[in-house]
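Let me give you the structure first, and then I'll get to my questions.
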Amino acid sequence: MSRIGKIWNALANPKRIPRLYSLILGIILLAGFMIPLALNDNQLYPRPTPQLQISEQDPLAPYDRGGIPLIEPGIVKAQYPQFSEKIGFVTGYLSPIAWSVSNTTLYYGTSIYSSPGGLIDEILYYTRGFDTVLESSILMMAFVIASWVALNFTMRREE
Amino acid sequence: MANILLNVLIAFLVGSILFGLQRKIMARIQMRPGPPIIQHLLHTLKFFIKESSFPKTAAMPFYIAITAMLCVIWVAAVIVGPVTGGSLLLIFAIYALHKIVEHNAGSSSGSPYGKLSCVRAVFSAAAEVPLFAVLIIIYLKSGTMVISNIISYQTIHGPLLYSIPLAAAMFFVLILSKAPYSPFAITKGKDIVSGYETEHFGLLRGYLMISESIAWYMLLWVFLTVFVGGLSPLWYLAGMIVLTTITAFINATTPILNPNHSIMMQVSFAVIGIVGSIVLLLYI
Amino acid sequence: MFLDFINITTVSAAILLIGTLGIIALPKPLDKVIMFALLQSGFVGMIVAGKYLDVAMAAAIFDPIATVIFLIGIIKINEVRKNKETQKEEGNLV
Amino acid sequence: MFDPYIWFYTGVALVILGSLGTVFGPGVKDPIVRTLNTEIPAVGVSLIFLTYNHTIAILTYIAATAIITLILLRAIVRLEEMGAEL
Amino acid sequence: MDITILGQQLLGYIPLGDIVLYMAPLNLFMFVSALVFTTLIAISRTETQVEAEFGTLKDRGVKVDIKEFKIRRFLAIVCGLATAGAMITGDLFDFTLFVCLIGIVNIGIVSAVKQIDVLNAAFQYGLVAMIATLPLFGGAALILASTGTISLLEIANIPTTAMMAFGSILLLLGVAGETGVAPFYATKAEMFRTPGSPFLLIIHLSSLLVIVRLIEILLIINKPF
Amino acid sequence: MSETIYLLYILSFVLGSIVGLVLSYRKYKAPFTIEKIDLLALALSIIGWSLALNSSLITFIPYYITITIGLFFLALVLGMRPGYGTKETFIGIIIALIIWIIRTVVL
Amino acid sequence: MSASVLVPSVVSPVVVSLYVPAIFTGIIVGLIGLLAISYQKNDLSALILTDIVGIGMLILVAAVGTDLAESLILPGLVVELAEIMAISEILMSREMRKQGEKMGEPGKKVDLIPLPMSLDMEILTTAPAFMAIILIAYGAFLSGFTGGAIAGGGILFYVISKKIRGVPSGMWEGVAGVSGVAWCLWLVGFIIFFAFPDLWLLALFLAAFGIFIKVAFKAGLVGVMGREEFKKE
């Protein structure tokens, strides 16, 4: 009993907790090798085979999802299209700079689609916009914490 | 509305009397005469005519609101449970809130005893794991989370007490940990005066005691409903008296444990219970 | 043919692996930074093989930045350690 | 169709070798060496992103790695400066 | 969408694109109580801890100073809102993000204090929270891979596979790590020794409510029949 | 409806206990010493327990009223100050049980 | 190009065939990191090793290989970055307090050895402005998270290599304030998206540039933090 008591007491030491946690997690991850894992190919927002678009010399590769800017929406397989009235319009939109870039070079698809409009914006700001609110809130909170600690405690100050 | 009021009143009165009964039985086991059964109820009522005073160090609106919250959530539990037969998960959510309120009633006063009780309450949050395990096991067995459906499941298949006895045992440990003077009642151990209630006087203490009585009644009610099935009120009363008597026997004969040990003991019970229940579910 | 295997992808892969082994095996931080540059160049080569020029560009710009950050850190930490050594020696002399 | 497999398995090799290096490699007692070693799995994971054509993720990850490195180095230098015993 | 989740009739839903916030009685109850507590915190003062001094018969009051009070109240309110959000979200990934936000804010609430032991506990808790991102997002990703969706309303109709069960176990561990429940509670209990009761409430509140909500999610993912 | 009745029972029990406590403090000044049986309490206890357990014997009053009255009386004795009323309660229970057995088993 | 090439109805078989190896890699990496942490005594090393664990998580998410997976990687990345930042600060704060207590002044600041920055690297005198301009311009073109991270990297690099010592607190507050305003802009963008879908273009630009400014400035402030000095007024 006293030995169990000692173990119980040791478990209450904060320094041991991350170690214990990672050990338990590691053991459970091992189960992943025994479970049949397979990718269900019927996914939301599927994308073409890797390198397919770029080898077909598509200037918008690898994020081309069709559509004509401001006229016709692109093709997007979202979960609830009925809740997103303008679905695909964001995907089909190219900002003027992006448009001119796409006409001059074949290999700048990533940049074109990172600039306003495009698939990632569709997902990040429209169909799954709430996620973006959260993730940038996480960043902001972490920054608030870090900068508060830094300004008040850890940074050297010249009074 | 009248129904709710009725049930709340019943819960309060029966809970108080059960607490009194528990004290009486414990006293008799320890060869003392003990207070009358009605004592706990009188105690509660007494606080409503005492003067209320507030410590200077308290965190102000919070300190008062927290007692009201405790009352409100247990009234809500009565509404979910006996009145409407709603979701079991909801009752457990209420129980989780109860833990939080209990812990912050302690810390908001600024008293060192309350603080210790608060830290211990956080410790004992670890003991809520069996609670959630119980929920999952019940769901796996009966396939529903709604109390009225669980009752009808039991009328067909017999009480769950026989098919998942380990889950019932885990739940009983939880009930035990809520009983005053139990080996797991570290938040209200006499080494920290009255735990989280130390700095609550008058009206506030009255509210705390009312909600504790309702909580005790509700816990027993949930145990009887979920593991034995729908009973007539008389049988509920009998079951509650039996459970209270058992806890009284345990409490009277065991010492209070050290906080770490109390938690780890509960967690160990939980591990045995969970593993055992899963084995039982798989092979029987 | 054997030569068929020599294209930008395989060469970059080879550079990457050499860089990896170098970073792991060499114990001195400054040597590691040099091997890190090798690793980065292999990485840029890989992206170029994928024909994503803009990504390669960004990677190429961030490569020196990461290196400089490492250099600053290493120089600073060396200085700190040296200072400590001298302080200790002074303490011994006193 | 051959390239993605090379990227992928190079990435896998880099990630695994790199993390092993970070954990057991020579001289990892020195935190700065350990931080340098974490760059290898970072490159490996970028290659895995490249296989799946997650190019925007690569761009972000490259930038984020630089920032993470800076943060870690700042912590290492500060702690060393203080002479902290961890 | 006329759906019952775990025998509860849906009272309504708020669609934000693919992320649908849904309100069943359980979710609504927890949402409201999280908001009530948040309001309480926003309007409360902090308590003064009284400690006995060594050597004399005097007492010493330990207070939260105003700068610390402001930042901690801000973080506590954010934590309360995040908890409220986690209660009604109908999207698995959204839930994990809320949990992450709660985790980081919890660390922040205690990081502003000055006791070394508390800081140590906060750091260790932070380590656990960081490690926990692996099972948290990994579990969600495994569920996404095996079902092709991360909307709980859809997952409720998909029969359970071993992979989903594995994913949900990882999810459980992830949430346990992020919110610091048993048996990883020790880091948290240490943090509770610092003054500032209303802010500590939210740490505890968020973890317990999130666990209840997680149980609901686990039951939605793993169907026994 | 049935819940109202149970509330009634509980209330009468509580009231009985309180009244019993107050009266017994008036009556006995010394704590826990008297060994002899209090005849009044004995009578009340027997009446109370018999009424509570055998309400169906009295047909001209609704059963819940008899039980309520019975509970009030038995609580009066049960709720007396510590040390008093125990023996009386036991005798009351035994007599009531005997009546109950005669009523249900024998007849 | 045909629509089926642009957006297929199912995930491509290449991705499906790579799924199991990818997941195994993720799990192995996670395992290595976790087991290393579990016997690691040094807190700082444990912090660095969590980076490896995070990489395992990224692989698990990326292996799904859809657009959704990619947009889920970004939060993962951000969370990692954010938590490392906050936790390393706490670690430093803890150690400083420990040192202060050792010197017998509980709660007071440690007197650190003043360190001259003796960095005479060529790259730090000529390159920063140029590189920062390129990165900020490119980041502005990209916008969004990615652009923010890239431009932020540029600002960070510029700030860290500047010669002036001691960052005035006014600048800090100013930059933080601008990023707060950007955050509001971007939230307004979201609300427009859901409330008035017809104005999606406006919403798109608000959201994209709001988040760009925010992320970029935050990352730039990390650079300020890296300079270690702070001039309090």
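Going in written order, the chains are labelled A, B, C, D, E, F and G, and every chain counts its residues from 1.
Heads up, the rule we're going with is that a contact is a pair of C-beta atoms (placed from the backbone, for glycine too) under 8 Å apart; a residue touches a chain by one contact, two chains touch by 3 or more.
Nothing here was measured: the structure is a model prediction, and the numbers come from that model.
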Touching subunit E and also subunit F, the following chains
B
Taking each chain's centre as the mean of its CA atoms, the one lying farthest from the centre of subunit G is chain F
Sort the chain pairs by how many C-beta pairs are in contact and tell me the top one.
A-G
Relative to subunit B, largest Cα-centroid distance belongs to chain C
Where subunit B and subunit F are represented by their mean Cα positions, the distance between them in whole Å
30
From the C-alpha centre of subunit A to that of subunit B, how far is it in Å?
43
Distance from the mean Cα position of subunit D to that of subunit A, given in whole angstrom:
19
What whole-Å value do you get for the distance between subunit F and subunit G if each is reduced to the mean of its CA atoms?
75
Identify all positions of subunit E at which a residue touches two or more other chains, and write them in rising order.
16-17, 93, 97, 100, 104, 107-108, 111, 120, 127, 131, 134, 142, 144-145, 183, 186, 189
Where does subunit G touch two or more other chains at once, residue-wise?
14-15, 19, 23, 30, 33-35, 37, 43, 46-47, 53, 63-65, 68-70, 72, 74-75, 78-86, 88-93, 96-98, 112-113, 115, 138, 142, 145-146, 150, 153, 160, 193-194, 225, 228
Residue list for subunit C, restricted to those that touch at least two other chains
50, 52, 55, 58, 62, 65, 69, 72, 76, 80
Where on subunit G does subunit C make contact in their complex?
113, 115, 117-119, 121, 123-124, 127, 131, 134-135, 138, 150, 153, 157, 160-161
Can you name the residues of subunit G that touch subunit D in the complex?
14-15, 18, 21-22, 25, 28-29, 32-33, 35-36, 42-45, 47-49, 51-52, 55, 58-59, 62-63, 65, 69-70, 73-74, 77-78, 80-81, 84-85, 88, 91-92, 95-96, 98-99, 110, 112-113, 115, 142, 145-146, 149-150, 152-153, 156, 160, 219, 222-223, 225-226, 228
Per the contact definition, I'd like the list of subunit D residues that touch subunit G in the complex.
1, 4, 8, 12, 15-16, 19-20, 22-23, 28, 31, 34-35, 38, 41-42, 44-45, 48-49, 51-52, 54, 56-57, 59-61, 63-64, 66-68, 70-76, 78-79, 81-84, 86
Could you pull out which subunit A residues touch subunit D in their complex?
47, 50-51, 62-63, 109-110, 113-114, 120, 154
Could you list, by residue number, the parts of subunit A that touch subunit C in their complex?
51, 54, 62, 105-111
